[in-house]
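Once you've had a glance at the structure underneath, I'll fire off some questions.
Every chain is named by a letter (A, B, C and D) in the order it is written, and numbering of its residues begins at 1.
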Amino acid sequence: MDSSFLLVQFVSGLTMATLLFLVASGLTLIFGVGGVFNFAHGSFYMLGAYLAYTVVSLAHGNFWVAVLAAGLGAGVAGMIAEAAFLRRIYGRSEEGGFQILLTYSLILIIDDLVKLVWGTEYKSLSRPAGFTGSLVIGDVTLPSYNLAIVGVGLLVVVVAWWVLSRTRPGRIARATALDRETMGVLGVNVPLTMTLVFGIATALGGITGALAAPLRSVTPGAGIEVIIDSLIVVVLGGMGNFWGAWLAALLLGEVNAIAVATVPEWASLFSYLVMVVTLIFKPEGLFAPRQVRKV
Amino acid sequence: MEAASDKKALLFWGLFLVVFALVPISRNDYYLAMANRILVWGMFAVAFNMLFGVTGMLSFGQALFFGLGGYGVGLMVKYLGQAWFLAGLGAGVAAAAVVAYLLGYLVIRVSGVFFTILTLAFGQLAWQITFRWYRVTGGDDGIQGLVPTGILGDHIVYYYFCLILVACSVWFLKRLSASPQGLILRCVRQNPARVRFLGRRVRRNQRRIYVISSVFAALAGGLMAGVDNSIHTNMLNWTTSGEVILMSVLGGIHQFFGPFIGAAVIKVIEDVVGARTEYWSLIIGLVMMTMVLLFPRGLVGEWVSFKARMRSGGARKEGV
Amino acid sequence: MQPILELSGVVKAFGGLVVTDEVSFKVLPGEISAIIGPNGAGKTTLFNQITGALKPDRGSITFQGTDITGLDTQEIVARGMGRAFQITSIFPEETVLDNVRVACLSRAGHTRQPLKGLGAYKSSTEKAMALLTSLGLADQAHRLAFELAHGDQKLLDIGVALGLEPKLLLLDEPTAGMSPEERHLTRTLVQKLWKEFNLTLIFIEHDMDTVFGIAQVVRVLQQGRLLAEGTPDEIRANPEVVKAYLGEEL
Amino acid sequence: MRGKAWALVALALAMAMLVPAVAGAEDKVVKIGALYPMTGRAGLYGLDSVAAAEMAIAEINGKGGVKGYKLELISTDSQAKPDYSVQVAKRYITSDNVHFLFGVVSSGVGLALTEVSKQYKKIFIGTDHASTQLTVDKLQPYYFRVSNNTFQSMAAGALDLKERQKAKPWQTIAYIGPDYAYGHDQWNELKYNLDRFGVKYKVVGEYWPKLAAPDYTAFITSIIKDKPDILISGLWGGDTVAFIKQALPYGLFQKTLFCSPDAGGNYEVMSATGDELALGLVLSARHHNNWPGTEANKKFVSDFFKKTGRYPSYSAEGAYAGVYAIAQAVEKVGNPDDAEALVKAFEGMKLKLPEDPDGFTSYIDPLTHQIVQVQAIGETVANKDFPPATRMLGNWKIYKAQEILPPPEYLKEHGSDYLKGRMK
């Protein structure tokens, strides 16, 4: 195995990791801040992909406009879902169970709504202009769209870090995560904060759906397919930990890339192996947020 | 007061057995299969609810044990022959006990939603293994031809076999929930910190009920193999775990028989809606959402509180 | 006489904050004693260490002659220590009777029994009913615990602890949140229970009438340290205590 | 409280609206109970199948039905769940009194249903699912299949590879397929057929992504490192689409010959990849919209388009064929109730189908109950006749029906007791 192959394989892993992280980021954000496990997160990812398809193909829109539209659409849909439904079950005993059921019902409903609107045929998006080719250096071929996705992933990490730790709304959101009641007493509009954070999380899902669409197929049921993978990322990274999710995605992406290249017959088991080994030694994930550890 | 509720319970049991025992008279295999399915899933749901409604542990991975029961039968029959059907049922249940015991040490270190997601992760792991390891498990092709030998091969006899096993299991679980052990489990849900101050180990009690619940999940899975005469990796998928949660909530998680009623309603709705529209998922989704938002006590729970309200309303009128 | 409980040099710190600082004292069997001190003095933290909910960083705790330092709560409870809580800790969705009965059943070692109904355990049931009678809760035995008035819930909490037949009972602010009349009743009741069940009893309390009314020994904690220890009269006369804590209250 | 009451009323109304869907019973109908997935990524195949079956039924009933019987289709979403499908099949058989079980995309569901069909002696017409097991290992008297199985596709693929080896020698081969039964079956059957036809080859890589894997880049770069002359793909549907889209910028298709003989040439792959579908890929499917160029096929495709506003995927033709096979059997027997006579009628039945080229008529092999058809393998070429696809298959190679059937020794080794009993 020569070094140029290793580089190529590394970038392959990075692409996979970035997309994994982007889907998982919204999931882990809303869990970290709101304590909500949004099982329907994948459905917002799917919604984003379909919205982007509609904007690009029917409105002859620019791809990047479509990505933003997908984020906006999924974000608004998420805020509606939170304000109209999820908000009603906060604070119930057995809230966790009801959260899962409610978001599960959202999966079923969104799935059929998507089918009603877009049908079951596969939809497709092309790579945006300027990103159809590859960067070729000697033996190394790196598709430019894959590099762009890695870039967007990094951008999301940096922006999220900046918002969460350097801006007032971000700090409020993090504080809300720690103590909903106290923040309410301090005059923070907790319900509004929750709705906004939920909207941002689902918008992240929608944007990812749109970004991934040129590399995948836009099909019904796509939401359920991504949720389990993101779940592994979120669990590994320590639920609610944004950075943890990024590192976990990186770990899974690269483990997969190396396993495919070296032991292809067993590659598919490796991501699960990583998960099981981690959970045996650290049931709360690699990078659990501090308040979780003592649960 | 206790005598009255005893009489009620007896009446309920009698009615339950009579209704289900009479199903074969219809001479309609569809109704028979449906009733059989309700029995088996009802037991699964009641056992699951010992974990969720009683002890407060929402496992999203009970499909693992349901599947283990099914594959106990499936693999035994596939590799050793049909005569091994019952042995397979036993093996699946025993395997579930061992796996639940060991897995219990892994997953019952965290609580709340962390427990839920961890069980989901292990459930999906088991599903993936079964799905991909097709040389051994048949993978997505499943395993067919699971017909018990001898008299059990007859659909009606098999139905009564299931009825008896389910009745015994549900009776056992009912006794369990009314026993000191059941009381401790309820206490674990309501106030685990205080349970420690009763000198009881919370985790150990949680593991105990996890094993018990999983054993009955496996029994349900094994019995299902004989109802359909085939099994499939779908049994292990998270949707199975989700369905049993839905049944419990629909019926009412704080009522012992709630999940059983929930199972019956879900199985019937699934069939009725599925027969009439391809948009079943929309309808099931809406039903689920309505239940969660407006009737969180479940069908049986709402009925019980409705009765209580009527009674107290009536009493108030009399008082005036 | 051998002490039933002995603390020697117990230290506990959270981060840099020392909440229990070299606390040592001995409690004699049959004694009823109070721990007082301002908020944040480390009273509840001390209870948590005695009952195993927290592990001391240093020092040792001896109960009935055996070292229990670092043991789990359930092991300590099994050795005969009971506790009721500052913030009422009961099983809200069970009946009043079952709240106490579960403790009696636990004491009798029946809690693994999976088949027989609760009614089959006659002696535990009778014991629970007797306890409820002592507590004055017998007429509410079949109500759900969360339906009780606040004061009754506190009593029930004590009842749950008594169901375990403890040799040593720790009460964390038994009269907190009560009206003066309720306090008076509770004070009388606690004293009655102490005699009736031959308990050694330690309670944390802010209400000085209760403290000086029923305690034989009073210990004063301040900033994690044991400031003073003695009979009520000695404590009243202790200038340090008066300065630091009791102040104008006396 | 008021809100709850309203919700109850609304729910009850919604339920009530669902009830009166069952039509009044006519005296002379042939009832066909169909099970197809209608949700998720296989939903497309199910909905296309139902549309095509309805089309065939309308055609037949329009001409007065068969022997005084009208055909009637009941269809249910199988949800791709075998246990649920078994329950629905029992309802079909004992409550709806259907004469035929019909359909099914997933082999897992097909295998579960063939068990029901065997127990209730109710004929099951398989229109789509591809596992060879159904007509070999698990064959039972009441099962018939009217579309090709993976063995036939892989035999045709092997013959194609053999011809290519003669024209332009290749040595190395790699495989990528979903890590479940269908993916493994194809690879085993391809190797079996390559050996059978005496093709020399060296396997340089086997890749097993999970079904519906979202990312193939690590596989793609690894395959490029292996430098196989031929890459066989056992992926289907959205997975093929994702693989092709992700492989394109790596130039994989210039470095190796991509060959997917079972499902790679499905119409939905071409419609979803558009211009990103590289030219010269070797693909096939169980039915092609632009082959054969017969009137029958053109009419089938254009009628389907008129009915649904979209072009059919391969599965539609299987369902269409299934309805015609039933009609023909009932025609011959005179009624739909005599299962044993119907079985005889199906065995050896000749069936002229849209996918038959001129001069060939499909028939059902009396031994294995498997339809025997010509298989055409094509290469991707530019073709905008079936939008939104901009590529279709062309440069066809035709493989004779007889050559691609499982040989007797395969049947002897793998066949069910029923099949072996009939071979003696």
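As a working rule, a residue touches a chain if its C-beta (ideal position, glycine included) is under 8 Å from a C-beta of that chain, and two chains touch if they have at least 3 such contacts.
Keep in mind it's a predicted model, so treat the numbers as computed, not measured.
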{"item": "Innermost chain, where centres are averages of C-alpha coordinates", "value": "B"}
{"item": "Distance from subunit D to subunit B - Cα centre to Cα centre, in angstrom", "value": "36"}
{"item": "Subunit A-subunit C separation of Cα centroids, rounded to whole Å", "value": "50"}
{"item": "Between subunit C and subunit D, centroid-to-centroid distance (C-alpha), Å", "value": "74"}
{"item": "Centroid spacing, where centroids are CA-atom means, of subunit B and subunit C in whole angstrom", "value": "42"}
{"item": "For subunit A, residues that touch 2 or more chains besides their own", "value": "111-112, 115, 268"}
{"item": "Sites on subunit B at which at least two other chains make contact", "value": "128, 132, 281, 286"}
{"item": "Chains grouped in pairs wherever the two touch, ordered by label", "value": "A-B, A-D, B-C, B-D"}
{"item": "Residues on subunit B engaged by subunit C in the complex (per definition of touch)", "value": "1-2, 172, 175-176, 178-184, 186-187, 190-191, 193-194, 196-201, 208, 254"}
{"item": "Subunit B contact footprint on subunit A (complex, rising order)", "value": "35, 37, 85, 88-89, 92, 94, 96-102, 104-109, 111-113, 115-116, 228, 231-232, 234-235, 239, 268, 272, 275-276, 279-280, 283-284, 292, 295"}
{"item": "In the complex with subunit A, residue positions of subunit D that touch it", "value": "38-41, 43-44, 47, 179, 205-210, 212, 214-215, 217-222, 224-225, 237-239, 241-242, 245-246, 249-251, 268, 271-276, 310, 388"}
{"item": "List of subunit A residues in touch with subunit D within their complex", "value": "1, 5, 8-9, 12-13, 15-16, 19, 111-112, 115, 119-124, 126-127, 132-134, 141, 143-146, 212, 214-222, 224-226, 229, 256-257, 260-261, 264-265, 267-268"}
{"item": "Interfacial residue positions of subunit B with respect to subunit D in the complex", "value": "28-31, 33-34, 37, 128, 131-132, 134-135, 138-142, 144-145, 224, 228-230, 232-235, 270-278, 280-281, 283, 286-287, 290, 294-295"}
